[in-house]
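Below, chain A partners chain B and then partners chain C, in two separate complexes.
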Partner chain A sequence: MLKDFVKNIGYDDPLEIYLSKLEKLLGSEYGISKRAVSLLLLQEDEEIFELVKKNEGDKIGVISAIIREANSHYSNPLSYIISERRQGEASRITNSVMSVKEKGLFNFKETLSRLMMNPFIGGPILLAVMYYGLYKFVGNFGAGVLVDFIEKRIFDAHINPFMVDLVNRYLPYELLRDLLAGQYGIITLGARYAFAIILPIVATFFFAFAIIEDTGYLPRLAMLIDQLFKKIGLSGRAVIPLVLGLGCSTMATMVTRTLPTKRERIIATLLLSLAIPCSAQMGVILALLQNKPLGLLIWLGVIIGVFLFVGYLASKIMPGELPSFYMEIPPLRLPQLSNILRKTGSRLKWYLFEVLPLFIFASVLIWLGQITGVFGFLVKALEHPVRWIGLPAQSSVAFLFGFFRRDYGAAGLYDLKTAGLLSGNQLVVACVTLTLFLPCVAQLLMNIKERGIGVGIIMSTFILFFSFSVGYFVNLVLILSGINL
Partner chain B sequence: MRKIAIVGSPNVGKSVIFNNLTGTYADVSNYPGTTVEVYRGKCKIGGEEFEVIDTPGMYSLLPISEEEKVGRSILLAESPCVILHVVDAKNLARMLMMTLQLLEAGMPVILVLNIFDEAEGLGIDIDLDKLAKELNIPAVKTVGTTGAGMDILRGKIEEHVKRFC
Partner chain C sequence: MTTKPSRPAVALTTLGSGGKGNIAYLQTKNKAQMQKLLSIGAIPGVHITLMQKFPSYVFKIGHSQFAVDKELAQGIFVRVPVPK
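This part shows the complex of A and B:
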């Protein structure tokens, strides 16, 4: 069957001779033509070489000799020679089948695209996107209006009283009542956090983000930030996984696979775990620091500072080649509403499937912990570092939640704020620490899956100590400079 | 079950074609590298059920990054009976390099000139018959986002399967 489709483009003489020598030597089947295998061998593809070594046994010596000889015949790498020949053939075919009518009109898309990548105008465009897309839409509308409505009007007014009543009436066991509708109950806490606080925030974020994605803005942002990123040892290519991290760092950690070097993948994973807040967390933080623009600026400044500082240090500690950057810039497009809705829906579904069991699991765990006294012990143990960074002891519960998911922890802080237990300074310190704090369980597992158990554990330990240290310093600086937010 | 593999450079609309064929949903965005894992779905063409495989984008059969390797290993290991090489019709010359590689490797390729609306918007016209003859494989023009050309693509797949699989 293979033969039906083989179309060979001829290469020049010495190359063709080496090719046919190799083809004759290959004895086993590879699923692709022997000519293609030989071409890959000549281009020094390691994976194919290993495969051939395994299949051809003794002949590998002769094969290696031919590859060496062929390469010594040319001053340029063979991959270059071969691509050049293919390029020539592709251009020839294209020219014979394609015709272009010149359209000399002023091109709006092209102009906008250039402006987005221009260092002077691209910055303000980025700020506008952040302000309207994130701050206004996700922060004010999602985390403000929607959360207020669902939490107060639906949960506080109807669901919670109804469930508490139901449970009190039909469940004779105090312990079970606590599990379902107690202070940390599955319905009163788990479901409320998931549906009333996190869901509206994540939904608005995913919606805004899907629009940004589909316009083609992200690759332009990557070009804009490339220069800055080079200084911390990353290429502009890393912008995409990092920006995706603002949606969900767990998904984004998987996308670091698109980065070409291992070093870049490790740095990006570290920055995702440490300094990139995910959508849920960011939404809650926007809600926490509402009406505190200075606090929000300090939070943003510290996080960006940590991002650049840790990125710079990591690239110094792990020396390696400076990444070269080449990226496809797709055209700007008007997003399709159907795709936006479908994408938002599919991500929300994914998110809820991931988050809801964890929230319920957390409620059960806390319930068990309360019965056995472990919960109280852990909260007490966490009170020390929490006090150390100047927070009230009650917030240690939120940090314990943070071990499960950072957004869960942030939602805990939101409860404290609503109860009036946190001052302005404390809010900022808590937000900074929790943003930097250990990634959620899902991301921890993803780090281990993608980067290996060693790197995963070292990273997490580093993040744990680092986040509290930064919290400590922010608190100290705020006190010393007499700022009261 | 016979397999149809979708391959091509990043950001040419492979996942949109996949969604069109299978009726399921793989994430679609306007930047390269949205698909980093392999998606599988099913579709029915001409009464026969196929497994459709959406692969992460790759620029050539000589992979550079981890996710590019994934696509190639599927071509090598799963011997699909149809390979849809999805290309951006606006950048034909660059895209055909990989078509040539796939053909050198003896792959059963159907060439899918996607995003054809944007190419037309730029005043580009492509002689489909001549291209198909030049490469000796079927070629189709599609617009994944509107579904234009998908019926013709299904027809070509059916024909192709009858003749070769």
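This part shows the complex of A and C:
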């Protein structure tokens, strides 16, 4: 049995004496040996302390006293003393059985790893990863080729006409016909957006992200960007949820749990809600600004500016522990296709289960809003701020949609552009405002779930006013500088 | 065990990149920082190689590489062996 081979690591005398005292005091079963529990107690593990407190009742006073006394014998924390002793034992064992071969002079993986972490070469590598991974693969292939194919060849050509025909033939009620296959119907709008526009974009993004993740590139990026992120109250570690946010900010908000402090989690959630466009939204924005490279550049500049500015302000305002950065840099690996497919698949499954019901829900809400007139009222109310930032009143529909799903909003603008209702300047202002505007319903709910209702509401109110203010400002600057895009 | 001749311990941040030594002790502002260093295996006695200093500190302990910020790196004190 394994047990026969297990030998305890011996510690020096005072520590062993306190350990045996603790072991004798422990009465309950913990599933691990009493020695292990005692060692954790001496290392001041909070979780185990709470457990022992619950199980041992009155004895906790004596136990705490022993821990204090043991600590007073050493100038360093006991966790330090214990780690040191374990390290010594581990080295002794490995040294007796392992020999290390000297590596050759040139090692491709190591060289590439160093280039990725080089502050001067790392930047261009990041740009290349963004350009090919995001712009070319997700933007051009996912949002362009795949969306075109599924939307035009499958939905517009087959599914939508078929459903409209079916509904018209068998459903005698106008209201129900609208709900299923009307302009904003569950099938004609909800399912079409979910499967034809969003799914291909999100799928290509998750695929690209899984490749990047599996190579071990992200910790290297985190290490490069840490100093910049410290200025906005985050550590390099936050680069992982933020990059994931470029795919789906809702999922990324859930991933902010991996950040160590509450302060970092709140700042990351705010930036994800405000300044990180998700892949669905980005896909449509890239399509909107397709022939306007200067417009795209202005959009990018404003969004990055807002990201840094708001992050900087938040880090000045928010109280709490300053972030610290430490991360393992794993060896670079060639990703395995089977792993990538599995990861992409499980993320897509999450996305479909989480999002498809919301699409249907949003369609129902829009339908309800329309028959009750609430929708019309809200569209009218939004026309004011929309005109204020120099856009035609019709675009307020896109903004209202934007709240139900951010990408609905962007796709709504796409329809306006196709109809020739937006000038170049208006297009850029609309894209900027919509990117910053309130997150989609799913993300709003996730914000509240992860950060609490108070923080969720304060954030949303701030974002509502801030996004239109930035839109107003961009419009003003464009007019004053006489730029016509 | 024989002790090798060595210089007094210095902060890891004072080494140049490529510098090597054994960790002598850790000295951090608070317990949380020490816990972070211990968790990545920066423990007295282990051999450490500093690989890079900017924009973050990257070092090698055993077969693993780690990146830490300056604040944490300042807490690691190493003893650099005297060259033969």
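The rule we apply is simple: the second predicted complex is superposed on the first by the 472 of 485 C-alpha atoms of A that agree within 3 Å, B and C clash if a C-alpha of one lies under 4 Å from a C-alpha of the other, contacts with A are read in each partner's own complex, and residues count from 1 in each chain.
In this section, a residue touches a chain if its C-beta (ideal position, glycine included) is under 8 Å from a C-beta of that chain, and two chains touch if they have at least 3 such contacts.
What you are looking at is a predicted structure, and each value in this text was computed from that prediction instead of being measured.
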Superposition on chain A - do chain B and chain C clash or fit: fit
Partner chain(s) touched by A:Pro119 [first = chain B, second = chain C, both, neither]: second
First, second, both or neither for A:Met223, with chain B first and chain C second: second
Partner chain in contact with A:Asn55 - chain B first, chain C second, else both or neither: neither
Which of chain B and chain C A:Asn140 touches, first, second, both or neither: neither
Partner chain in contact with A:Gln370 - chain B first, chain C second, else both or neither: neither
Following superposition on chain A: angle at chain A, chain B versus chain C, Cα, nearest 10°: 60
Touching partner for A:Ser64 - first (chain B), second (chain C), both, neither: neither
Which partner reaches more residues of chain A (counting touched residues only), chain B or chain C: B
First (chain B), second (chain C), both or neither touched by A:Pro77: second
Contacts of A:Gly236 with chain B and chain C, given as first, second, both or neither: second
Chain B and chain C, minimum CA distance [Å, superposed model]: 5
Contacts on chain A seen with chain B and repeated with chain C across the two complexes: 79, 83, 87, 91, 219, 327-328, 330-331
Chain C-touching residues of chain A, taken from the complex the two chains share: 76-77, 79-80, 83-84, 87-88, 91, 114, 117, 119, 219, 222-227, 230, 235-236, 324-331
Residues of chain B that touch chain A when the two form their complex: 9-11, 25, 27-33, 36-37, 60-67, 69, 75-77, 79, 92-97, 99-101, 103-109, 118, 122-128, 130-131, 134-137, 145, 164-165
Touch list for chain A against partner chain B, complex: 1-9, 30-33, 35-36, 39-40, 43, 45, 47, 79, 83, 86-87, 89-91, 93-94, 96-103, 210, 213-216, 218-219, 240, 254-255, 257-260, 327-328, 330-331, 333, 335-336, 339, 342-343, 346-347
Of all residues in chain C, those that touch chain A in their complex: 25-26, 31, 33-38, 40-41, 43-46, 51-52, 54-56, 58, 64-69, 71-72
